[in-house]
Structure formats: structure tokens, C-alpha cells
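Shown next, in C-alpha cells, is the structure this report addresses.
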Amino acid sequence: MGASGRTPARGPGGARPRLAVWKFASCDGCQLTLLDCEEELLSVAAQVEIAYFLEASSAPGPGPYDLSLVEGSITTPDDLERIRHVRRVSTRLVTIGACATAGGIQALRDFADVREFLSVVYARPDYIATLDRSTPISAHVPVDFELRGCPIDKRQLLEVVSAFLAGRRPVVPPNSVCVECKARGNACVMVAHGTPCLGPVTQAGCGALCPAFDRGCYGCFGPMESPNVRALNRQLRELGMSTPELVRVYRTFNAGEEPFRQASEDADPELLGHEKAPGEDRGGRR
Amino acid sequence: MTHKTITVGGLSRVEGEGALLVRARDGRIEDLELRIYEPPRFFEALLRGRSYTEPPDITARICGICPVAYQMSACQAIEAACGVEVTGPLRDLRLLLYYGEWIESHTLHVYLLHAPDFLGYDSGIAMAADHRDLIQQGLALKKAGNDLVAAIGGRPIHPVNVRVGGFYRVPSRRELAPAAERLRRAREIALRTVSWVAGFDFPDVEHGYRFLALRHPGEYAILSGALITSDGGSFGVREWPEHVIEEQVPHSTALHARLDGSPGYLVGPMARYSLNSAQLSPLAREAAAAAGLGPACRNPFLSIVVRAVEIVHACDEALRIIDDLAEPDAPYVPVEPRAATGHGASEAPRGTLYHRYRIDADGLIGEADIVPPTSQNQARIEADLRHLIEPRLDLPEEELATLCERAIRNHDPCISCSAHFLHLHVDSR
Amino acid sequence: MTAEARQPRAERDEPRPGLSRACTPVRPMTPELYRVRSRRADRVDTVTLQLVPVRGGCPPYLPGQFTMLYAPGVGEVPMSISGRASSGGYVHTIRAVGAVSGALCGKRPGDVVGVRGPYGTWWDIPAAAEMDVVVAAGGLGLAPLRPLVRELVRHRSRYGRISVIAGTRTPATLVYGPELARWRGNGVDVQVTVDHPDHVWKGPVGLVTRLLDRIVFEPRRTFAFVCGPEAMMRATADDLVGRGVAARRVELSLERNMKCGIGWCGHCQLGPLFVCLDGPVLSYERAARLLAVKEL
Amino acid sequence: METVVIRSLEPLIAELRARGFTVVAPKARDRVIRMDEIASESELPRGHGDEQAPGRYRLRERDDEMLFGFAASPDSAKRYTQPPSRTLFRMRGENIEEPEAEVPRVALLGIRACDLAALAVQDRVFLGGRHPDPDYRKRREALFLVAVNCAVPGGTCFCVSMGTGPKATAGYDLALTELAGPHRFVADAGSARGAEILRALPRVPAAEADLDAAERVSRTAAEHMGRQVDTEGIKERVAGAHDSPRWQQVASRCLTCANCTMVCPTCFCTTVEDSTDLTEGAAERIERWDSCFTLGFSEVGGSPVRGSGAGRYRQWLTHKFSTWFDQFGTSGCVGCGRCITWCPVGIDVTEELANLP
């Protein structure tokens, strides 16, 4: 995969490239990020034809699209079909956000019984069509690039869009949050006040926001390129985190990312008892 | 015999995705469904077993458009359970954060989603081709809201600085200064926005809405208060479960909320305005009067004016708070868990948002209930549509479909925040 | 060849600490603009570009050196100089493997690219005088070797036997075909082997090292220049050394990640070396130990 | 110029500011002592100390009036000589423009002997080679350095082992030793402009007793190093330890998070990032801090040369204590201890070195 887009994305005859934004199970926050580019929105719109973006326009243009941004995870049988359609009509497909990239918070159902979840919320669960897993887009169709974050970062979104338009590799460094944290000039919250932090195992991109606000990173950008969760877990325990806390901290918005899943299971192997049998297909990726 | 089906598939310019299905026979509507594709995400279920400190971050993810609202209702519900009340400068900061979200969310709706309806464009972006300065001014206003949320919360979507009891760190005056600067300009834009939208052409409709909103003795209620209704009812937040009942109706696509036994009430800007307009800031009241709004508003198409007025109020109040913001002693008040149930409600941009949590002595959540504004308005929106369509069934289908979309957008339904809308795939027979 | 190339090796290996030079007005990280003068597609994924400076002249280079080539807005990568452009500039042969190389390959005559350099060490051609010369290339390793061979051919009489052995994936992926033929006509033994023959290929199949049996050289009086994938270079150098060629007379050109080309970014470190400054051309005597350490 | 005694730093701060320097000095902020802009002596962390251990830093109250009663702060001079990121150039059409380098005129008040040694190392990296960095030179020349000799080394300091402290011996404009009872500073100038500034301040010549007291401060500090390293033959020892099983052991603890390289005052590695502007197709390149702990750092042909944590940790330690000598004729480590304190899991270079064969 990777994003070595060799030729810039251009529509036929040098027309403006056509952009589409799709939504699956999600909170809308990631696609809203596009509308939150207040200073850049009109320039983006001048460079690309925003051809399909239901949140913003009631004139959906027909496919094919040069670049599709996909938000949300796959949780229903219909969506399973729809994502295949999206892939067919898109030259390049980029997933935006933790839902699309890792299954999102709704992937917590993977650790429980979805029927039971249903009955907690709905009196008549039988009306609800849902899959028992929340899976990332890449579990169903090939993806050209995955942009992390819950929500994604606005600068990174613009970077990905402009990189795809210019035909270069997006500059989205997969290293730890610590690199950004130090560049920003934060004092490490773990070292300076013993606050547990997932920064060392989490991918950069947010600009080290949480430490800048005196709290530990909670991993909303998912695992960094070479996360040593075991080593971090030892330290987090030293700082006073209990086993259930450790399990919970990895089971939030990126629970479906393998290293985080692993980390939560490592933290408490016993918790595995009443969950799915090991080895069973987890519907994840990699 | 005429038989007519109107479908508006892929409802646009609403946050989230939905569709409308209307079946009519012989000039009468037989069936009207506002369909929501939003797949269920089970927040209430996945909150069980989590720590009482987690709902602000977790429930923010219900809706990327009003995450602060979720954080505020969640914090207050948990604090109520633990017997803590956040007051003074910390409460002021919360309000400030909330105003930021109001400005952002309302402006998004007014400029990019709703105004194009009145001016005949498909989108705000398309509108920019002819009205670049207008849209740019709207974007600047929106940015002022976002910047305020980011200055206090770290980022506009899913802010990181909110915790049960207050904040992780209190931003310094220096950090707030640029946001304040932008707000001053934003207030001017907001005023211009009111007169701009007041000049739109509005269909002459009025509905006999039954309104529900918070009321606070000292302010135009946003962060907290008690509930009041337009038919004179009032109750405390903790009595919510006795008054508002959510039902799953087989022939409907959503959990329908009933207020004191009957369905079809309305929350949101029109409700707030009609119940509390006297408490708006003087500047906002002036703007409302100049725009021709009376003390109440029952024409849903005018909701865009009400939103604009609320933006003025938010800018005005935010500036007032910033100007006399005191430094809190600590960024948060400690909140110790105890076995109890807590209720919290606040006014999200789209209306009253209620949370309830039962926690145990160790702070683990046993039960969570979240009632978002859109699910409360669902039945009322359908009723609006019926009224609107039935006399106009002869219109060309496309025109009718457009009208319906507009009528839905009047209520700015945020479908993704409907934590438990249904995807119904079988009709009732 | 410029006079510098004739300098003995010791003079180019000055110890750097303490060495200082007046600052140039232009930042060392800012490229000069060059225009694509001509473009030749060598294979499906490989092109040769002639680049000439948009203004001013271009600094002299020595065979083996590289430039940092910038595809505007896409990125900058190291590229060996594979010749001098006829009107004073550089020739680069580029294979499209990723974003930057792909963008460079897409450049057309008239387009502008950025160039910094030339950088790095060069083939020690003077040291090969009077000796048999073995030039071994794997794939596009032929690119930095091309100016070297041309230099050898130009002064053919200074050297003993000259052999060029080249390995390539398939007959179709061979670069510089016509030129190889010309070298052959100029007293150079040119041998080519392929990994995957097609139906017309009649030549040898397999690793480049197997060609060593097919050429003639006197190991004790031989100088070898090797460039290709690292595994190929190590195998070839080991083989040559095994046959009695002194390791200090075997030169390799190494590839490492480079972001600056001038020793600032640290990416190209190989133990004590910066490949951009101390390489890319290194004697096997120095390189063998380093390449033997995993993940150095 | 002779050594003098000054009573207060207020005149010095005022003089520096009058000469157009932004004065940057230690300040207690965010629960650490950090380098930050100050306008007056009152902003210095009087009565604050620190406690440093592997992976641990705590601010402590001191029961005296010392202004500099703590060890190395998380910030070194690196941020001012080599900013975390900078724009290299912009290209529009066929035009390349180089933005003026930002050259803050900063007086660093309270930097330590190890920091000065680190600046000397950086000078070799950025100015000593074939390709000196003109921007670095400008930034470097714009700095005014007021060193303070360490009185209370931290638990992770080992400058004595590295021969870089605790007393500043070169590379400063002014050097101060803080003395108590009465509270005063012994000051001497290390440059002409330092001497000039000193002459402008209210001062008295240092008495024998002052000099003795200052000497005692540095001697005591030298005796209280938190850590030590046996530097005998260290270059060869580390280089020869390629195959030690110790790398695997440390890799099982190392997070490959890169904090150590970010806080290290001499780590200089950077990467570049190219971007294009959506509006007008203008291209830009920035340079930013990078680290040998990232995977992209050594990526060739799509995969990293140093894929394992062990390989990356080995690169870092070997570079600092061995190959740095080959490249720059000096050690890459000045013994400031920052990498030990700020490693979130407390990996200790001195311990790792001691455990190598």
C-alpha cells in the first residue's frame, strides 16, 4: 500500500480533481474537520470539485471520484455493500479517523456480546440490523492511506489532501507523540508529575495536546510505528494504574488496533476468559 | 385514486445521514418516515463498567458537532451523583467553552447548511461563488467559536481539557487573548448576520409547538437549570425520567420521546427563545427586536434568525466572561465516587441534552442513559412535515422533496448525536 | 576528467573537525534550479534526464558523486550522476520506485527541478592506473558506474584489461544497452547476466558473481568498482577478495537514507561514517566490517 | 578583567535587556524549572530545587534563598541554536526564496557547564565540517551566555566523568557562582562583550574569601555527582560491543519514543518535510528535529535499516559514546543527565554503559 501516488490526482482533461466524502458509523467529527478548515475551505473548493459531501451539499455529483475520504466503521450489512461501491467509484480511497481506520469506539462491542448491547439500548432489538463487529474500512476493501485520530487533525487532513493532489507521500509521521511533545516544549507529564500517559506508544499528529493541558495522552491517534506496550505497561503500573484501569485505557477509541488490543489483553489475561476465544477471527486487519 | 411516494434519499446538509419517506393516497398522508441510516453505536451499553471519570471523553464521541454539550451534561450528571457542584470561575470557564461551541455549531448551520436553502444554492460552498465575502464572514465567525473551544479545550472537536470536576489545566489569560480578540470581531459579524438572515423570505407557517427547555434563574440557560415547558410545566433535572419517556415505536424509525405522556414536543433554539428570550443579553435582545422577532417564535423557518440571535448572545456573554474571568484556585474540584445516580442536562445547540448515570462506590458505571435533542424532536419534525405536505401534495414531486428537506433542516437535526436512532428495515404491516 | 579526480585519496579524507570554510550566500539546503534538457525513457520505469542549470554554470563533479534532486513540491532524493550533459549539466538515470523518483521520471523537457551538490566521494580512478579493472553492476548500479567506464574508455591505454559485468532482472530491464555495445567495441569485455531470461535471451543466467569466472583479470593487479544492491555488492566483493584482489582495491557505492546530503540530518550513518560525506564510494576494506554488522 | 562580586542580578538583567537581549532564565512553571523569558530577578525560582532520578523529576521547596539551587532543566540551549523546526525555502513557479532565518537575540541566563560543552559540540557539528550552517552561525552569534556554576548537581548528572563540569571553564560571556551568607554572585567575564557588561554593573572586586567560597561550591558539586561513567577506552569498548546481549535487554524496556534524543543537548538529527500549498501550488520545505529512534530515519527502499528497538538503542548509545569521536573528534555526551531523567521508563545510559562487556 503506502501512498506513493506517482501521478497527481487529476480528473480527465486536467479538470479539477473530484473529491467525495463518505460516512459510515461515526460521530461526523472527522468530516466536520474539513468544514473546520475555515481559512482554507474556499481555496480547497477552488482546487478540487467537492463532488459528494452530504454534510455540506445537497447536490451530490455522480462518480467516479479522484479522491474519496471515508469516515466511519462498518457495522451493518448495508454498509458492507456500500463500502464496496465507494471503492469501485474511487480512484484513491483515504480513510479518515479512528472509526474508519480501527473500528472506532463502537468496536468495543467486539469485546462483548452485541445482542446484549442491543438489549441495553433498545426494547425491541430484533428491529436492529447490525453486525456483531465494528470493523475498519481496510478489513473490506483496499485503502490507499489511513489518516489517524479521534478526531483527525485539521493540518494533517489538509496535508493528505494536498499530498494526494500533488502526487507525493503525505507527511504524516508515524513516530510517538513524545517527538511532538518535546518539540512543542511541554514537560513530560509522566516524568514531571507521575501522570500516566500513552504518548510513548501513540502516534503523533495531534500536536501533543493532552500533555500540553497537563493530562496524559489517551491514545486517540492509535499506536505509533513500534509501540512497546509491555514496557509502558510496567511503568504505568509503577505509577499506580490498576489492572482494570490499564485494560480500559487501551480499550477506547482505537481498541481495534492490534497493539492496543494486545496491550489490554497483556494487562489482564484473565479478562480474556469471558470474551471471544483466542485465534478466532477478530475482523481486524494486519 | 392517486398514490404518491416521495423519497428524499440521502438527506443532505444535516449532520449525519437520514432519509425521508412519505406515502400518500388520495390527498392524505398514510405514512411518513424520517429514516435514519445512522448505524447504532451502543454508547449506553459500552459505558457500563467504565469508570465515572470516562464519560466526558467517551460521550463526546457521540457527536463531533456538539462534543462540548455531551461533556457538560456528562460531567454534571456525574458530579450530581457524587454530590459535587462546580461553581465560580470553573463554571464560568465551562460556560465560555460552551459558548464557543454554540458559536461554531450555529454558524455552521446558519451559513453553510441553512442559508443556501433561502438563497437557492446547493451548498455554502456553491454559494461562495456569488457571495464570497458573506461566506468568508461566516467562516470567520465560525472560526471564532472554534478558536474559543480550542483555547480552553485544546481542539474544537472532542476537546481534551474537560474532566469531571472541571478542567485539567486552566488556560492562561495569554492563551485566551487571541480568542478574545477574534470574539470582538465575531460579535460584530454576528450582529450583521442577524440582519442578513432576517431579510430572507420566510413561508408563513406557524405551529402550535409545545416547547421544552432549561431555565436558569440568572442567565439564558445553557449550562444548567431546571426544565420548563410552554404549557406551564416545570421539573428538576433529576425528575427527568418521570417526565420524559423514550419509546421504541414499531412503525417509526427512532426512539420517540414522550413528554408527560404525549409525543411531539420541541427542544432547541425556538424552544429556548420562546421560553427565555427575556434573559438574552441586551445586545441580543435588541438584535432580535430589530429582526422582527417577538418574545416567542413558532415559525420553524424563522429558526435561522433565532440561531443568529443566539450567536450574538453567545459572543456577547463570552466576552463578558473573559473580561471578568477570575483565576480559579485549582483547575478542578475533586470528585470522589459514591454509589448513587446522577442526572445532568444542558442546552446543546440543538436542544436539551440529558444524561443519567448510576455509579457504584468504586466509581464504575452500572447504567447510563442519554437523551439527545434530535431524538426528542423526531416526532415533532414528522408532524411538521405532515402539516407542510398534506396541503401541497399536488406540487411537483421534486419541489415537494426540496420543501421537505428544508423543513427538516429548520430543526438542524444532528443525526449522529441520536445515540440510539434505529435503522429500520422492515415496515410495519 | 577534472584535475581533482587525480588527487590522491589521502587529501580527500581530511579530518573534518576544525575544517571550516566561508559560508556561501545561499543556504546549503537550498537547491539550484535546473531545466530538463532532454529525456530518454530507458525502460518502462526508468528514464535518463539531462539537466542544465537555469542560470549560471554547474559545479564540476567526479564519477561516483551524487546530487540531491528535488522534484518541486514532492521531495528530494539522492541520485548518482551518471554523466555530464552535452551542454554542461548533469545526466541522471532514475528509476521510479516511489513518489519522488516517480515525479522526477515524469519530468519533461523544459520542466524545472532542483539540484544540490555534487556531494560525496568518488571512484578512485587514478589508483586503478596500470591495473586490470573489473566493473561490476547490479541493476541500476550501472548509473554511477557509467561515467567511470567512459573515463576508462577515454584513456583506455592507461589500464590493463577492463571488464564490465552487469546483472539485471530481465533482458528488458537492462539500461544503457547501446552504450554497452560501444564499450565492447572499445576494448572492454562486457558481460551481462539476467535473473529471468525471456525466450530470445541466449546469454548467462544467474548472479553477477558467476560472471567473474568468464572474465580475465590478474587478481593481485586488479582494481574493482562495484555498485548494486547491498547483498550483491557484498557477494561480489567477497568473491573478488577470495580470488586475491586486495580489499582496499575494491570500491563500493553504498545506499542509505539521506535527507540533506551534507552531514546535517544524521540519517545516513553507518557506524562511524556518514555515507553522504564519507561515501557513497568506500573501499571494501573499510566497508566490509561495517556491512557485516546487522542493523548498523 | 578581574573577578568581581555582584549583589543582585537585577542590574544585569536590566543591562542585557537594554542592549536588546531577551533574557531567558530558569522559571518554575508547569511543575518543572524551565527556561523562559524573564523581565526581573523576582521571576527566578528562588527557594526551588529539583529532585532528579531515572524517569523522574520533582520540583522541591528549598529552605534557603538560592536562585539556582537545582540541576539541569529539561531545556538546553538547543532550542535556541537549532529550533525544533524551520523553513528552509519556498518555491513558487520558477522562483526559490529563502526566508530570513529567525535569529532571536537571547541572553541565556543560568546555563550550566554541561550546556556550554554541548554548544561546543554543536559548533563542531554545524560549523566544523565541509558544509557549515550559516543560520546556525547567526543564531549562535546572537546568543549571550551567562553561565551559572552548578552548586547542587542532580541525581542523574555525570559531567565530572565527561570532563565538562561542574564549573564553566570556557565558552561563556559571563560566569556566575552563587554564594550564600550574604547572598551574592562571584562573576567573571569570558569575552570582551561580557567584560563590557560587567563594567556597567554595580560591583566590588572579589575578595580572597569570595574566590575560596566559589571554589568550594564547585568542588563540593564535583563530589556530589549523581552518576558516573568509566570513560577509559570507552570509544573502543562501545564500538566493540555490537553483539552484546545487553542491547536486547534494554530494548525490552525501551519505548523507542525518542524522548532521550529530543532532550539531549547535542543530538542534532533532523528530517525535512515537503509541502504544497493548496491554493497557489507553492512548495515549501521545512526541517524539523528527528531521531534515530524513529523507523523512517533509516528507511531505504521502503524498510528500515534499524528495524529493531535493539538496533535503534545501540545506534543512539554507540553514537553518543563512540562514533561521535570518529565523526567530530569529541564525545557526543556531555553528562547532563537529561536523557536519564526524561526517559519515561528511566533507562540510564550510565548503567547501560557499565553493563556492556
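We call the chains A, B, C and D, going by the order they appear; numbering starts again at 1 in every chain.
Keep this in mind: a contact is a pair of C-beta atoms (placed from the backbone, for glycine too) under 8 Å apart; a residue touches a chain by one contact, two chains touch by 3 or more.
Here is each chain with its UniProt name: A = Coenzyme F420-reducing hydrogenase, gamma subunit; B = Coenzyme F420-reducing hydrogenase, alpha subunit; C = NAD(P)H-flavin reductase; D = 4Fe-4S dicluster containing protein.
All values reported here derive from a predicted model rather than from experimental measurement.
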item: Topological distance between chain B and chain C, in contact steps; value: 2
item: Longest centre-to-centre distance from chain D, chain (CA-based); value: B
item: Pair joined by the larger number of C-beta contacts - A-D, A-C; value: A-D
item: Middle chain, criterion being Cα centroid separation; value: A
item: Distance from the mean Cα position of chain D to that of chain B, given in whole angstrom; value: 51
item: For chain A paired with chain D, centre-to-centre distance based on mean C-alpha positions, whole Å; value: 37
item: Where chain A and chain C are represented by their mean Cα positions, the distance between them in whole Å; value: 43
item: Distance from chain B to chain A - Cα centre to Cα centre, in angstrom; value: 26
item: Sites on chain C at which at least two other chains make contact; value: 73-75, 97-98
item: Interface hub residues of chain B, defined as touching at least two other chains; value: none
item: Where chain D touches two or more other chains, by residue; value: 274-276, 290, 296, 302
item: Pairs of chains in contact (touch as defined earlier), listed by label; value: A-B, A-C, A-D, C-D
item: Residues of chain D defined as touching chain A within the complex; value: 30-32, 34, 55-58, 74-75, 79, 84-85, 252-259, 262-263, 273-279, 288-291, 293-296, 302, 309, 341-346
item: Of all residues in chain C, those that touch chain A in their complex; value: 73-75, 96-100, 102-103, 106
item: Sites on chain A touched by chain C in the complex; value: 2-7, 166-169
item: Chain A residues touching chain D - in the complex, by the definition given at the top; value: 2, 40, 43-44, 46-47, 158-159, 161-163, 165-166, 168, 171, 173-176, 178-179, 182-188, 190-194, 197, 199-201, 214, 224-228, 230-232, 234-235
item: Residues of chain A that touch chain B when the two form their complex; value: 23-30, 32-33, 35-36, 38-39, 41-42, 45, 50, 53-60, 75-76, 78-79, 104-106, 108-109, 112, 114, 116-118, 120-124, 127-130, 150-151, 206, 209-210, 212-215, 218, 220, 245, 248, 252-253
